[in-house]
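To keep things simple, chains are lettered A, B, C and D as they appear, and every chain counts its residues starting from 1.
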Amino acid sequence: MQTRREMLARSATVAGLLAAAGFLPSSALAAWPQAAFDAKTLADAVKALGGSAPVESKDVSITGPDIAENGAVVPVGCATTLPGVKRLLLLVEKNPNVLAAVFNVTDAIEPNLNTRTKMGQSSNVFAVAMMGDGKVLFASKEIKVTLGGCGG
Amino acid sequence: MADPMRIRAQAAGDKTTVRVLMSHEMETGQRKDSAGKVIPAWFIQEVTATHNGKTVLTADWGPSISKNPFLQFVVKGAKAGDKIAITWVDNKGDKRTDEATVS
Amino acid sequence: MKTRTLIGVAALALCAGAQAQKSTADGIAEYRKMLEDGNPAELFEAKGEALWSQKRGPKNASLERCDLGLGPGVVKGAFVTLPRWFADTQKVQDLESRLVSCMATLQGFDAAEIVKTPFGRGEMANVTALATWIAAESRGMRFNLPQSHAQERITYEVGKRAFFYRGGTHDFSCASCHGDEGKRIRLQELPNLTRNPGDGIGFAAWPAYRVSNGQMWSMQLRLNDCFRQQRFPYPGFGSDVTIALATYMGVNAKGAESIAPAIKR
Amino acid sequence: MNRIRLLLSAVAAMALLAACATSPSPAELDARAAAAIKSSFRDQGIAKTDRLNQDLGQAACSSDKVPDEATADRIMAEALYTVKWPAGGQFLGDWRAGEKLAQDGRGMTWTDSSADPNANGGNCYNCHQIDKKEISYGTIGPSLWNYGKNRGIDDLASPAFAPIAQYTWVKLWNSKAYAACSNMPRFGHMKLLDQNQIRHLMALLLDPASPVNR
């Protein structure tokens, strides 16, 4: 049984080897925020995107099921009732890399987006709203991931 | 070449709900095949949505978005007959654009 | 006094247990509902629809003259009558084995080659996509398999026997899991397939998109994986047992509404 | 005269029709099914076609009817005879290892590389409620929550322990000893789990320290 630290260390080694061999699929897009997607915590991800420390807010909402029958596909949504939002983020606290998606919102759409994310285990999921005035607000929700089927 | 997307864009009043399904593996780069070799990451990194040619949304995605991704958003002011186009680009540089007419 | 307290605690524990159970079931139902809108099976449906009319194969022909049982080219309603007897092949065939016959006769593909191809690859992936679209064309219709031909009735009886056949390292048969009402494996409800399990349940839900692995599963693959979990050896694609089981389940589902292609755990 | 001839030929025609419509006898259908099963499967990995060869119990429990009493008795008696008792009379292992095995549904399929018991799980939660903390459990078998406690085992020195331990060991080793057509796999007899693994499951169910008995 590997500990989490051993596993992380190992995957870091693997990643290092791959990078050295030129195999690491570094972004095909210059603008893709690599550092944010490498982040391990909510605060680090937001920081990597140039945001300040996130504050919990009831004006931001995260939607999703209480229980997911399968972690491979978990429907989640992020929204805010406040005007002036620039970015909406979706994050899964216990995934190896927390950030799942960054939505760059314009005035032409409602600040309400839905997608589906993978979850390795039961975890909090976060919706973050990065506002035009520099405020960073978030909401969280716990989603339980159960084991389904025969497990074989 | 990647398979086409399915885009449904339905107007109700002055709002149009857009639902998109994309055909993509969204491989995380953290799984191993049966021989124990790491399966390289392969995932959509950027999604762009346009309404009659004008960009209304861009998104950056990581590999934790589910396989065959789903995206739903609401465009203000779009009406029946308008065009909604979606483009995705993955980390290998593959891209695909599909268009739907608002109904 | 002490006894009363104990009973009180026990009753509380029972209530809590029952409540937790209910909310688990509700939670799972809510999760499934959320996934219905935007079933990735649509991606396979679209692919199958395009494949049907595309000129392909050594004969560079489309499948538009393929007879799925209701006459050449008739797609709507065909799915809810399969498996059935086909005079040209002198066989009872399910949707997928029938499609392979059409791909061989109309398009010139090598049927034996397709049958050997693993699920999800090459022409087998195309068979699955075609089956997904053809099933979707009968969405909302009710199963009504013909049983007028003697071979259709014999196939049903063979299917019934195969359904109850115990074997393998774990002594499982299909009936071990699907022969009773109201049972579950983990949180997954198990339909009783020895009778009509209801609209859109069991036979009336496949092909289905499998959330767990992001694959489109046809009935042949569904049966294949049942046998894998049963710890049986490997059933051939379109083999007699798979056709007989599909006939058994399809006839039992008479009157059930098809919701295929569905979305599953 | 003509009418009689007509009638006769009508009768003959009907007899002929009836003959055509005669469906195969149950024995013929059994033979057709056996042939279909034989021709439909092939070896894949560790799952070979010899897994289709039925023993008495499998054959007798392969229809929607239960076997007759004499056959059922024979199946149960033979099953009981196969049971191997744990070495040194040691019935219990570690309930933590038992919980892990109970959660694990793997083993013996054609995608598993080894048929060694150490590659197998017990599949228990697939069919049973065990520790209440696990909400994802099946209902094909009865709930095993408080299994030992409900049977009066408060400590291992309790006189209730020995008979319950023996009963449970038999159930895990060869479930057919108590029910000819039990849905439960024969974990010991079919070499799905070894003696130590069964000890761990025994501890999960019977050890007063196991969360199952809290």
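Here, a residue touches a chain if its C-beta (ideal position, glycine included) is under 8 Å from a C-beta of that chain, and two chains touch if they have at least 3 such contacts.
Bear in mind the structure is a predicted one, so any value in this text is a computation, not a measurement.
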Chain whose averaged C-alpha position falls nearest the assembly-wide average: C
Pair joined by more contacting C-beta pairs (A-C or A-B): A-B
Separation of mean Cα positions, subunit D and subunit B [Å, integer]: 47
Distance from subunit D to subunit A - Cα centre to Cα centre, in angstrom: 44
Separation of subunit A from subunit C, taking each centre as the mean of its C-alpha atoms, in whole Å: 35
Cα-centroid distance, subunit A relative to subunit B, in whole angstrom: 17
Subunit C, residues touching no fewer than two other chains: 24, 185-188, 214, 228-229
Residues within subunit A bordering two or more other chains: 72-73, 75, 116, 146-152
Of all residues in subunit D, the ones touching two or more other chains: 109, 123, 125-126, 135-136
Subunit A-touching residues of subunit C, taken from the complex the two chains share: 23-24, 27-28, 30-32, 34-35, 185-188, 211-214, 228-229, 265
Residues on subunit C engaged by subunit B in the complex (per definition of touch): 37-38, 40, 42-43, 46-47, 209, 214
Partner subunit D, residues of subunit C touching it in the complex: 17, 20-21, 24, 150, 153-154, 157-158, 161-162, 164-173, 175-177, 179-180, 182-188, 190, 194, 227-229, 231-236, 239-242, 244
Touch list for subunit B against partner subunit A, complex: 15, 26, 28-30, 38, 40-42, 45-46, 49, 51, 54-67, 69-77, 89-93
Subunit C partner contacts - residues on subunit A that touch it in the complex: 65-70, 72-73, 75, 116, 144, 146-152
